[in-house]
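Structure incoming, see below.
Per-chain residue numbering starts at 1, and chain names A, B, C, D and E are given in the order in which the chains are listed.
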């Protein structure tokens, strides 16, 4: 892969922005809520700005890895601090930037243990950025774990609804995933014969078939846990329900993508033969996940559960796209990662606003919110429509690409998964109808609609969805520039 | 008859007395672990130690045998006796032994015995090619002050620590403030 | 400068002397006791560091000073210093025994220092006993309930039986190799390990170190002693003596070249059982120290994993892990001794509300636990991954898999502690005030845990050079 | 014919096994300590035997035996002091009575 | 970029797409609460497309070759989706119809929706709808068409559920979306399969003769049938017609726009759009013909017994859509499309007129309207009658011509049963249409009591506001003149006029069917002695069957409850809770349990522990020794 060394450490700055923010926050007084928020917001803004910069300035004609920085880290084990951007992770970095920025804005009204909250959140984001930009397996995994663990405390302290159970379950589940990832990456490292964790170099090694098969299945399930691959998905609805709004946003919006990204970047990239061997299984699990998610979501009464299961379904689409192993499918997958990230963030953000006021998320207790807070509900309805796969939003293109290539490669599974989008529509609209339509519940009639400032994060998310929905090439060309060589290497 | 003759030959006497020493050791050891009276145990231990000392004589080092008797029988056994006197009165009725425990202990030590016995069986011992025949105590002393000088010093520290420790641990009124 | 070669040992011998004199005073002044001990121990760290790059052999090659041993000596000196740092409130040790307490800690450290340098079997054995005996005395030194003495008895007898096994093993090695010098012994090892006697000799010899390291099945003392001994003693046992045990284990194993399949397989099994057993049982513990004891059993399994790879990378990883374990475990114990200021045993639920009773301690505890659980960015994570990496390099796939899964299990109980500290409300509980030294210590530990986790290269390189020296 | 290394090794082994049995079976802590001493003696016999029949220099094994004796003495001192202490506290030296730490 | 401005046609197409969405965006973001401004924006953004549509129609009246503009929208590897415009007679005519009707409806709504709190939203949604429908008309590729097609579904969802406080409205919106989605999934599958096997889904390409030859027949049939699923959904063909009658919960102009003239016609338009491809598959044609016929009969019979005026027209829409499908499936592209055109006019008129009545009387029941003096509203009454005549197929109104064309096509079909069915459908259509008209015209109890009961609630409605009547008059004009444009349209659409051999048997039978229907309606409802009960009530079982809408709603409800919610959803949820999640929890608890179990190993008994230790050492040792 071609590398273009950065003239300025953009990526490092992006990674350090939350770290610096975190450090500053640690030295602020607990009572200085506003200052803490401003610091977090500026850290997020810097990260967002840099991610937009890299996204825009990535030269698709040049291709390859750009903005590369590579330093030796642990010499004897061949570990490098090696970061770079290509068409696959550029959208995801952008996504992270957007979600963290809107996430901070969404939690603007937080009053309880503000300092710790933003500190942990920034720690989490550091991990996410690190994962997306790392080209070294070790560092990749390091950041992966950093991203996963703060969740525990975030859910535990600021969560709701069975949060103790959920936090523990989520963390253990994800760490169990890590427990599979470690042997996987180490197996690759150990059998490569070259003493390095550098994925680009490891890609050049042709691993023995059994190594590929073993490593791939370990990595697939390991990362798959985080990507909510059926049947390892149950942590996700529970976790989403329990987590505070912005954490749900980050979690469903970004963290689950880490899993899918890991499957793509590590598992498929390094074990092409293993991928060929397991692709059938991947497709099956993904298709089951898609269908299963919508059906289970249909029976839920808690708004966040509904969204949680929709995430399961949508992440199934990502998995299905990856399983096809075609340019179209992977394009669609990466696009779907981005689109679903923004969409879910919007979902949770919208629900969060309502929950913060009504303190209930039970569908049957709500109702008529379109009348009480039209703007806030509007955001949710938009998200629901995205979820139902309506054109005009970025997610539509992704689903289109994935489904067509899935039907091409796995006709039966593809068609079944495709058929489930009817249920997906039913699923989304059922919630919208129950929650936002009909006569309003008199208990909630006095609530105010969302103010422009508080609505800002949601507006940003909607704008992103629409922008890439109308001009998909802005992103797709970028993705394609990385996926085409990627698939050729498969 | 041949056997008897052998027995009373010089070699035979040596063997017999060797067997006697071994017997002494084992009987002592058995008493040491088997007898119910704790004093008998100590006596058994002393017996066994005498046996071991005898073995050391057979092993060509009367010096160590003497030290064995001095240190072990002379010091340790006496110390144990003092400890016995400082602790539980002997006349107290003892609870009955639990056969299962004895059985388990027997099995476990039997296993270890079996394992190491197997090891013995499978091993052929090879003597060093060049062997010194210098059995003098002087050499031992020389070694102690050269090659093992460090350990010679350290052991004194060990003994010091042990002594201090014994004092600290067993000093009157400990833990009752 | 031959003195410098033996510098740390001499220094600590002197320190023992000073403390011995202190213990002889009639008037008891615990503040002076502590300050003197702390000051001298700080000097010990300096001396040990100053002697870091000494090379040489002493006492007719029975004692070897190389980077490997010196690194561990620094670690031991540091460990002692740290333990003395948190000994400012020895609530559960009678005042008049404070000097003795410090004395025994010093002699133990001295024994351990000799242990890491000793390359002669008898020296190893006697040094080991020196350190063990000091600990046998320290454990029942606690005041209050009967737990301490019970723990002492158990510690003593398990230790005694283990050392009997070890002696037996040593005798076999002696018989088989006709030598008691480690380098001579190990030179014959490859051939020897093809014979049963070599394997059994080594296995039984290792028993003594397994006991120190609390590897299954020599782990039974650990929970009882951790629980029964005074907090500071437990800290010492859990950190300093573990590190030394790793060192000597490493030296013993490292000097042999390639071991037979069966032997590593035995270690393999012990490693797996250790970590699994430790982690599983730790889940159900309520006493924090007891839980840490089980976790130490599990960690012994991880260290063993690095050692049994018999490769340079594995040894490096094991050294890194041992030092990392010292630091992160110490962090937890520091919090224990601060929170349980009266020296009592700390139940996990008693940590409730720690985050607002003392945020700094809370943070330190969390980082320490996360490091123990192997969560990045911490030395624990890096160490664990290095160990796994080296094991995988040698083809121990299943071992790594089990180890990784064990990491998940362990996270459960560590998180339960974090949960108690960060989530359980302890509003009615009083704030915990900490002295300047403790605060500084906490900051330093946090920095080390994260710093060495993120930038491990320097240390790894050092360890690698040390291992190379040992492998010569 | 009996005067060879195996004989002594078996004797030592037997002594070791007896000692081990005692350690595992006896309830009185003092008896356990006595058994430990037996085990140490067994190890000593091993050393001496190897010294006699195999070792290049006969001083080494003797020195080992001497040091083991010293260590055993120290161990006995500590052990006995702890036993005395436990008796003071619990009014019993039965090892089966020390059952507070479990789980 | 300069090409976009130098080429006026392209600019026009582009504006047709951009203006409505701009209007939607502007209103939603900025002027939702400012009714006047919203209205202005929306009107501006619908008037310009209207003018563009008509000028394009005028400019390309003699178009010979289709005009295609294509730009890359998505360039993935295999999947390439162009964004572009295809202008040919089919699309130009549809463009004009859509632009016109939506403009008229926007004008009409000024009066109808006056004072509604969601006025701004309403116009935004209408703009969105205009965007999507215009997009459907001029899309150059099938995938692009599908995208607009989906947007049609969305905007219809929003518009049907516009009065979301009403449970029935939100329910109907959901139903419409989901049911059409049901069909759309088939459509999408068809597109996916065609993409995979063929790749290029440009309409111009699909329609070329080469395609039909290059593809295996099974593929064409599969593709065509799957695409027909989409048609079934959008154009409310049996069995997916159930959403349309419910969709009448939306405001009446919406019903006029979406559910009579444009949206439902999209399905028919789609078949017309890819007619060469579609007709290459005899199987698909046969299925379409059969389903069209069933739809026609089913909805006509239901229409006979409905009492809600909008329901009647809704079922009539369904039946006419069935008619169009029959025409297309019988092989006459022109007949189907012509009926679509005329139907757009008169059905919109019918709805708009009904809207006036509804608005005026505040009821949907035409018996009540009649009783309250519906016939006093002259303009609506006259125009509704004109529209009814057209619907029934009475000369000289437009419906006559188009229906005759369809019947002609059916007549030429080898199987005459379809023709007879068509005739029967025409008879029923005339019957139920005039049932409404006669009831309205000749109310039996002209003095309703409730007038004294309470205050007249609609006192302020004096007459009909001009913004509502002007569209009526324009549409009525269309209804009258459109039929005579048949020749022009034929030349426009087909490039030549068909040779009309006037088959008098056909003509006579069609007229007789219509007239007998009207006559029967007169007997039942119109004449002085009429008992005001339909002839169908003599067969109560059948009447009940019709009143229950052939139990189709029940069927779907049962299907939904029994399968989706009751079986899959419930089982999956159960599985999730118990099996998957339960499994995980079991693993977790058994881990803890095994920890507890293992903790018993650590007995307080020193010697037991030692025993264990010794045994393990011995075991390991023996194991190591065994091999040697």
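The rule is simple: contacts are C-beta pairs under 8 Å (C-beta built on N, C-alpha and C of every residue); 3 or more make two chains touch, one makes a residue touch a chain.
Predicted model, so just to flag it, every value in this text is computed and none were measured.
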Required minimum of steps from chain B to chain E, each step between chains that touch: 1
Common touching chains of chain D and chain B: C, E
Chain pair, most C-beta pairs within the contact cut-off: B-D
Per-chain CA centroid nearest to the all-protein CA mean: A
Longest centre-to-centre distance from chain E, chain (CA-based): B
Where chain A and chain E are represented by their mean Cα positions, the distance between them in whole Å: 36
Chain C and chain E: spacing of chain centres that average the CA atoms, whole Å: 76
Whole-Å gap between the CA centroids of chain C and chain D: 27
Centroid spacing, where centroids are CA-atom means, of chain A and chain C in whole angstrom: 41
Residue numbers of chain A (touch at least two other chains): 172
Chain C, residues touching no fewer than two other chains: 122, 126, 129, 133, 136-137, 140, 149, 152-154, 157, 161, 168, 172, 175, 178, 195-196, 200, 223-224, 284-285, 412
Where chain D touches two or more other chains, by residue: 5, 16, 19-20, 23-25, 32, 49, 54-56, 60, 63, 67, 71, 74-75, 78, 82-83, 85, 89, 95, 98-101, 103
Chains touching one another, given as label pairs in label order: A-C, A-E, B-C, B-D, B-E, C-D, C-E, D-E
Sites on chain D touched by chain B in the complex: 2-3, 5-6, 8-11, 13-28, 30-31, 33-35, 37-38, 41, 44-45, 48-49, 51-60, 62-63, 65-67, 69-78, 80-85, 87-89, 92-94
Contact footprint of chain A on chain E as seen in their complex: 28, 72-79, 81, 143, 146-148, 150-151, 153-154, 157, 161, 164-167, 169-171, 173-174, 177-178, 181-182, 185, 188-189, 191-193, 195-196, 564-565, 568-570, 572-573, 576, 580-581, 584, 588
Chain C to chain A touching residues, read off their complex: 313, 316, 355, 366, 370, 375-377, 381-382, 385-386, 388-389, 391-395, 397, 400-401, 403-408, 411-412, 415, 418-419, 422-423, 455-457, 460-461, 464
Residue ranges of chain C touching chain D (in the complex, touch as defined): 122, 125-126, 129, 133, 136-137, 140, 145-147, 149-154, 156-157, 160-161, 164, 167-168, 170-172, 174-175, 178-180, 223-224, 227-228, 284-285, 290
Residue ranges of chain B touching chain D (in the complex, touch as defined): 15, 18, 22, 25-26, 29-30, 32-33, 38, 41-42, 44-45, 48-49, 52, 55-56, 58-61, 63-64, 67-68, 71-72, 75-76, 79-80, 82-84, 86-88, 95, 97, 101-102, 104-106, 108-110, 112-113, 116-117, 120, 125-135, 139-140, 142-144, 148, 151, 155, 158-159, 161-163, 165-167, 169-170, 174-175
